[in-house]
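Order of writing sets the labels: A, B and C. Residues in every chain begin at 1.
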């Protein structure tokens, strides 16, 4: 029972169709050109299982960190009022614009053995960050956090500052208002942010290999494994790409589009 | 006369005047020739030098250089990338390009390279022999096993008695060098030429068995070349006395 | 000050630069209707007293200083406020019961206690069977009841209702108004109700405040304010004809000498309608065109757009109307005795 508005205009439908083809054809090509029988063999190998396990672990940690630290930041950007707020928002978006390798170089400059924070940390506590799984999580979080914050800030805005006022007149301080009104209303946006952060983390390569390194078991995620294999056996690399693609499709399919559509209320 | 021209004609004339130089620049045969050389990352400095020499002695010729890992370049050549010459850091990757039918004629070995251990100039971990890599707390990096320098490291280190694994496998020699010079790693396995190129930033430590396991660098014309004669001239330069001197200065070894 | 009794009710002297200036002193239990044209500052008054516009001046409620006196102001959540907003603004993710219980839980009540009190309040408004519904499943009238219950449940010291019957069907609004009268009666709290309806003001309020251009221009008991409005807005609200003083009027105004700046009100029943220019005793008269004829109770209400400008309304008996063959587009003359016009300084 929809209003009689007519069909989608050609000026919109056609470019949209082109966009769909543009996005789908490479994926289809990957699916069709890859030897499927090798897939099961490869998945069985220790290297691939290590890489998959590491990818799953690091992407999950990334999402958790984004939730814990990105949500409050998104709230501040959406609600707080102070001079320099616009500058802060611009600064936070910078990692989005950085080529991932540059992000890796920046992380080294900060947390590497000779880094601004890394050097004193190593000298005082013997803590070394590069080449560890923790470094992978740090790299992933660095590049995924801006996506998360932007998505969730949007959700907090549409969740309506007017409800904040209502809650205040009913005796709720700002923390209570956040817990019982703002956050519940923004849940769909939060889920979308998580999906984005997870997806970015899954595909993250440049910053990871530059900052965390590439070693099986500790820091060799699926993308790193694929790149490594690309040097030696491109066919294997393709099959591995397919595995990663299938994993992504499975997870995103499980989410369905409920959470990928911003603004869908609970 | 000009006043008599109609506006439209004047416009066309101006457009042609502007386009003229542009058109002659694009693929004009008498004016500019270009050859594209795909070369392994470790050949950066030497080939840039040779390219400059070539351009100086050949008026109107532009030599475009693309440096990357041998595997990536071989793959590009196999895919039919628009290039004239391929020079890789090992015969295996050249073989891949050749199997794909990208190599015109036969490839020629023009230089050899020896693997070596490099440490930062100040040698903070005090590494003097290769077995020092086994010491507690020493961080060393190598290339991925699928790259030529990585294969070398994977063969030579265990043979020398090193049991400790590397902290990371970098994508190419340049990345290994970067980690060492920046102090992120105490040591790394690269080629002698990379150590020479890094100059004072690094010191070398001998890698036992490296001399016997030298890397052979082949160079070949590609079937897809658009300038076979010009490309051959460049190839000749590389193989000439002048070319060999430039390579030797950079640390490459002679053809066995 | 007597000193024996602590002052209660609402006392304030607020200034919102460019929008409102109001000084009020209201006893406990007073229900005040705030009337005025759009943009006059009615909602601003409510927001100012609530603390939603910052610290705008001294506000004291039920003996407790909310702002002023050089001390940091009491924050909005710490004020015992009850506020019902335009558009209800019920929390969409909570049920009706949870909405009403919200203000109780923030003040420390347990979930069970709050739910019990909330259910009680829903019952008082006759909607206890809607407790489990979400706001989007409620009709306008039902949502408004929940909003009122939500504001009243925590037992506020000051109740601020911003157009509580806006957008409701007449029947629904009338019923709700009657309920509200019952609920407000026993309260010690001062209530400020913004409304556009004279009947709401008359039924609910014990006092009327008329706000215009950011100032309180008239204040008094409903009977007084509605019978002798000092503003054109309220005059029209109660159905009186309103004219502004025109010194050039042919027969001159009766009453005290004065220049421009006076408001004259007269009832539609005092207007005589004729087809020819009236003659005789000094009367105000206007020529114009009939723009509407409507039954109004037992009478016929005729709306006339006068050539001089104002739109005036006359009440006639149906017989008189038929006799004059009044119809839309007919040219008529209106006249009213000078003594029937009640003049006041215009505000």
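Here, contacts are C-beta pairs under 8 Å (C-beta built on N, C-alpha and C of every residue); 3 or more make two chains touch, one makes a residue touch a chain.
Small disclaimer: the values here were computed from a predicted structure and weren't measured.
K.L.:
Which chain is most central here if centres come from C-alpha coordinates alone?
P.N.:
A
K.L.:
Which of the two pairs, A-B or A-C, is linked by more C-beta contacts?
P.N.:
A-B
K.L.:
How many angstrom between the C-alpha centroids of chain C and chain B?
P.N.:
About 85 Å separates the centre of chain B from that of chain C.
K.L.:
How big is the gap, in whole Å, between where the Cα atoms of chain A centre and where those of chain B centre?
P.N.:
35
K.L.:
Roughly how many whole angstrom separate the Cα centroids of chain A and chain C?
P.N.:
54
K.L.:
Residues of chain B that touch two or more other chains: which are they?
P.N.:
Touching at least two other chains: none.
K.L.:
For the complex, which residues does chain B have touching chain A?
P.N.:
Answer in residue numbers: 69, 71-72, 75, 139, 141, 144-147, 150, 165-171, 175, 182-184.
K.L.:
Taking the complex as given, what residues does chain A use to touch chain C?
P.N.:
My answer: residues 162-163, 165-173, 176, 180-181, 184-185, 265-266.
K.L.:
If we count contacts the way the header does, which residues on chain A are in touch with chain B in the complex?
P.N.:
108, 112-114, 128, 130-131, 209-210, 212-215, 219-220, 227-234
K.L.:
Once bound in the complex, which stretches of chain C touch chain A?
P.N.:
The touching residues are 50, 52, 75-78, 81-83, 85, 89, 91-93, 102-103, 106-107, 150, 154.
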